[in-house]
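I've put the structures underneath this note.
Presented sequentially are two complexes of subunit A, the first with subunit B as partner and the second with subunit C.
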Partner chain A sequence: MSFETTGSGPGMAVLNFCRPAVQPIVAVLIATIVGGLLVLALGENPIEVYGLLISGSLVGVPNLLVTLQMMTPLLFTGLAVAISFRAGLWNIGAEGQMLVGALFAGVVGYAFPMPWFLHLPLAILAGFVGGGLWSAIPALLRVYLGVNELVVCLMLNPIALLLTGFFATHVFKAPGPTNKLPDIAPSAALPTFSVYSQVNAGIFIALACCIIFAIINVRTVRGFEWKIMGLSPRFAYYGGINVPRRAIWVMILSGGIAGLAGAEQVLGQYGAFYDNFSPGYGFDGIAVAMLANFNPIGVIVAAFLFGALNGGSGVLQMMTGLSKYLVQVLQFITVLVLAAQFSWDWLILRLFPEPPPKSPDAVEPVNATPTEA
Partner chain B sequence: MDLEILNSAVRISTPLVFAAMGGLLTYQAGMLNIALDGFMIVAAFTAVATAYFTGSLELALLAAILASMLLAALMAMFNIKFRAHIFIAGTAVTFLAYGLTALLLKGVLGQDGVFTSDRIPTFPVIHLPVIENIPIIGEIFSGHTILVYVAYVFVPIVAWTLYQTKWGLQLRVVGEAPEAAAAAGINVDWVKFQAMLLSGLFCGFAGAYLSLAYVSLFANKMTNERGLIALAAIFFARGNPYLTAMVAILFGTATALSVRLPQVTGLAPQLLQLIPYVVTVLALVLVGWRTTRARSRHSAWRFDIG
Partner chain C sequence: MSGNFLKTGLVVLSLLTTVVVPAFAAPKVAMITSESGLGDKSFNDMMVEGMERAKTELGADYVVIQPRAISEFQSALARAAGQGFDIIIGSSFDMIEPMKAVAAAFPDQKFGLVDVGPEPLGPNVVSTVTKDWEGSFLVGYIAAKTTKTGTIGFVGGKDIPIIHRFFIGYYYGAMMANPDIKVIETYTGSFTDPAGGKEFTLSNINQGADINFAVAGPTSVGVIEAAKSTGTFAIGVDSNQNYLAPGSVLTSMVKRVDTQAFDMIKSVSDNTFAGNQVKMYGLAEDGVSAAMDDNNKGLISDAVLAEVDTLKAKLLSGEIVVPNYFELKAGQAEMGTPPIATPPSIATATTLAQ
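Moving on, here comes the complex of A and B:
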């Protein structure tokens, strides 16, 4: 999280205006440079490699559709993480919530046949409920027993993977060698548009969620309360916000949206719940949320960028001797750089050596630790 | 119980004990280092690559430890100097490490997913002279590689360092009350940095053990969340070295059973693999419940949770 630095001078003014975008762009640039050096060290031409990543993800309708397909789960998980991080709750359990949501959607999708106008919404809702229930565990433990939600989320991720795996292999297993649930009924399937990729109506749900939360964040009291909670839970508490209650609901909403990612995967992309289907969308969601600076509209941009990287990585793997994991490296270098809070103010001090005069009523950064002084 | 299961439990627990000792030092220094898996995977890869190219086990172990400590230094720099949130930095470092090792596996060793070769030397098995001949104990404790014994020797060393030396005291003060430590003239950031580096050292051992002694290959994500299990052990034992090691061994035994038991009973392996995580969550709940009851029922919402 960054804090506004007040300053004078035209340079500062421009920088302050662009600040929300400067931080992510610089981080992506740093990741690109470090990644380029890495590519160079592995004996490939970085410009060629980045060219392939771009052409493999954005040029041509099929490639673009694959990018949109890759982007959809990231929209959900990125939004889920962004909502909770913005409210100061470190929900890093999106992976587990997504898996549980996927299982719920998968079970409702195959076990209860009914007309599509009931079935599809119910299956999606089941995904939301599954994710929400899973995230309610850390939320309730945090609020009522003071247990660190981060650690619980961390432990619940493998628990979710193993439990859903247990259900897929021992309880609802479809006949055949694959560890999966039976295929969902056609009435629960999210419609797809093209033979080139599995992109489906889920992407519209995801975009709608992002826009809804963007409006909630700026236009409603709740959104404001979440922001205050994230900036300073103490201030929020003494200001009369029911922090524990809000915390529970933010976590449940966040988990529910992560669960929608699972529902989209099951109902749109795979057509059944497969054991261990996720390549880590929940963790990629952390990267998306960080790059978006917890802004729902930013999530759309960040998810598109990382979706494109993931889409292009397949082409990269085919055309060069590099592994598709280059993309993961780029992604998490970006996160690491973005996580560094201090460096931005340090950078500004470097660019503008005169420290900006502090106005007397300037609010001290709440997260600053005493050792910093 | 089958002695062979206990024998394999000792081997399976070894990386857990190493990683747990590494995580324990950062835990005591007030940092929740969730990048243990990342440190281990980098070490495992470096060990295999070095062993493949040089044929030397000593060099491979050294390189693994150095690589792991380098990553730990990066993590420490971002967390301590740049004030990155430790969980975000930890997640980023872990996935960076997963990606980087997969990338280098393809780029340097030319393989996708798994790399193995008969040119990779493995650690020889040691037969303990006297213990070997004791009926049950010999079968469990003899016939392991040197790293197994090193792991278990580290436990009392870590305990002694933490509770009997000045440095250990400083480390614990830094973890308990950083402000008080700073006021007492301790360089808080430097102590934290050292703890993180040592965490890297132990994970270096764990990674080298995984890829050169436990098996003789490298596979993507081969740490298989062992770092997380080690972390679970630390939380369960609340940072006590001996207890942490014991819990790590218990969790290792559960894992060993999950490999063998399904063939015997037909039980789902997932249910045994769940044990470390579920037990840890339950332990956290219990601790939380006790402390909540101990506090006033109407006390304010707790903001800062360690």
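Moving on, here comes the complex of A and C:
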């Protein structure tokens, strides 16, 4: 964190407990203020606009359902990124892993009809496998050849887009003008609940994943090992942790969860794999994970916030002349503020190699620095 | 008694005029874009032109809702439904299923969808089909009149019936302009492969085709690039693509989704909206055109443009009927009115995919 506190007492305990939330809240507040100025410059009333964003995302069942729909893919991708970042692995390839997972789920969903109690789990599993395989590439390159996983992940994103696009355009293409796979069988569909929204049973899987990883992180040895790896891979190594092995599996898990985002899209929201379907859920996932301080429960909160922004956006566009880009700008400013915090921490560490002694609980995963290549 | 009756009648009438007429005089419209959104220099931007026209001519109020993904179409439609919009208009083939579902859930809300298939979408939905074969006819005529080599080309995306429909119109127009013209028919096999589009076009150009009509979605960009690099001409498709390479795009076969959207708004404005309808938009309805703007100024001679106008008049009077591929039969020797010999791809075929 950017500030140090010393001392003790009940007041400090409360402060320490709240501390992880301070940074994201400040970031969101700054984004809100800058966004408000932007709205003002566009000749609209910021209070009215934010009011519409809030009512358009939270008030009324239809709006709430749309928010949940927008939130679901971000839960998966946000969690995927959070898991890997927390372990010091810079998996920014969630977008590509999601696309490959979606393709796998789409193929299993349409090509192998079987009873639903087999078909649906298998199609979801296929999504996990697809994403996991795609993230295994940077993981193996990182561990065995020392190639920076950040760069490989980044490069694999467009490759995944074009590769899945190739399958949707040439190999498995459904007849018709759209580049998509044939529709999935009803037996592989995640049920939806309302005409207002494509929110589907996938959101329960997403929430369950977040909760499971929250428990793993806090209550298991493996979760502790991931945290140590993130804080210092060398320390983890000398502490007897099989870092390369753990790193590979963290990346595969992370990619698999990103792949689940694809499975949710295909099996729940689209009903088929569509070429280039994602407006960037994988990248939004990075923002969600950063806002969440890489905490799986925080991912739920951050994904809800971004889901609400995008859900409210539809109503905002309907009621005012404002463009969809406004909420994207809000998101980007939030990330920018968070990223500025990141580089600030990095700078402090470089300028003052011996930081002042910290209280043990001030060590937060946010201080994780990239593993050295 | 009759005086009272008259008074009541007047009161009712004035109520009607104050309540009903303003409600329809300034229609409120929601336009839902496809996932590519505004600034696509294609259908979405053209639809907004239709909205602007409705604003000036009908006093319409419109909002534009831009979903980020196909998965957001349904929620965008459903949340706009029942919000007091007189009509909600969409512009994507991928919106057919979402619109069907939402229209069934909101039977009192009127919907419109431009440039889709021939099947009606619901009792409260009006949709349109663009007679692209008539537009292709027009640019085929222009190409045959403008070529210097006597050979023109056609670069389709996939070798499928919907693209054959463009080719037949193009071929018919070219033959009408010059019965000795040679028309090279090629298909790249993909709608999303500009590099392939360029290769196939270069091959056409090597065979002497100095004008190539691109009917290939994003592949068309490659066709235009090939024209630019060889100093020949391309013809754009769907939207006005003249701007992509000014001076190298002879014209574009434009589907006038702006007209189609405007007519939908007009129908709610003058209370003639009737659902379950699929309206056909050809030359007569101003539903297709050959785009003329600053980017292709002077590329087509005034004499040819004058001929195009007479051609249009003949088409409107029924003197010319451009053949629709879907009404042709395999082995058919002649097609259209006036009859012109069918291209080999039909004359020698044993079956036609429909």
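Criterion: the second predicted complex is superposed on the first by the 323 of 373 C-alpha atoms of A that agree within 3 Å, B and C clash if a C-alpha of one lies under 4 Å from a C-alpha of the other, contacts with A are read in each partner's own complex, and residues count from 1 in each chain.
The definition used in the following text is that a residue touches a chain if its C-beta (ideal position, glycine included) is under 8 Å from a C-beta of that chain, and two chains touch if they have at least 3 such contacts.
This is a predicted model, so every value here is computed, not measured.
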{"item": "Fit or clash - subunit C, subunit B, common subunit A", "value": "clash"}
{"item": "Partner chain in contact with A:62 - subunit B first, subunit C second, else both or neither", "value": "second"}
{"item": "Partner chain in contact with A:321 - subunit B first, subunit C second, else both or neither", "value": "both"}
{"item": "Partner contacting more residues of subunit A (subunit B vs subunit C)", "value": "B"}
{"item": "Touching partner for A:333 - first (subunit B), second (subunit C), both, neither", "value": "first"}
{"item": "First (subunit B), second (subunit C), both or neither touched by A:207", "value": "neither"}
{"item": "Subunit B versus subunit C as contact partner of A:155, first or second or both or neither", "value": "first"}
{"item": "Touched partner set for A:133, first subunit B, second subunit C, both or neither", "value": "neither"}
{"item": "First (subunit B), second (subunit C), both or neither touched by A:198", "value": "second"}
{"item": "Contacts of A:165 with subunit B and subunit C, given as first, second, both or neither", "value": "both"}
{"item": "Stretch in clash, subunit B with subunit C, out of 39-47, 93-101 or 111-119", "value": "111-119"}
{"item": "Common interface residues of subunit A - those touching subunit B in one complex and subunit C in the other", "value": "165, 169-170, 321, 323"}
{"item": "Residue ranges of subunit A touching subunit C (in the complex, touch as defined)", "value": "62-63, 65-66, 69-70, 165, 169-170, 176-179, 195-198, 265, 269-270, 274-275, 277-279, 310, 314-315, 317-319, 321, 323-324"}
{"item": "Interface residues, subunit B side, partner subunit A - complex", "value": "32, 34, 78, 81-85, 87-89, 91-93, 95-96, 98-100, 102-108, 110, 112, 178-179, 182, 188-189, 220, 225, 228, 231-232, 235, 268, 270-271, 273-274, 277-278, 280-281, 284-285, 287-289, 291-292, 300-303, 305-306"}
{"item": "Subunit A to subunit B touching residues, read off their complex", "value": "38, 42-43, 90, 92, 141-148, 150-152, 154-156, 158-159, 162-163, 165-166, 169-170, 233-234, 237, 243-244, 280, 283, 286-287, 290, 321-323, 325-329, 331-333, 335-336, 339-343, 369-372"}
{"item": "Residues of subunit C that touch subunit A when the two form their complex", "value": "30, 35, 37-38, 63-72, 74-76, 78-80, 83, 93-94, 101-102, 105, 162, 190-192"}
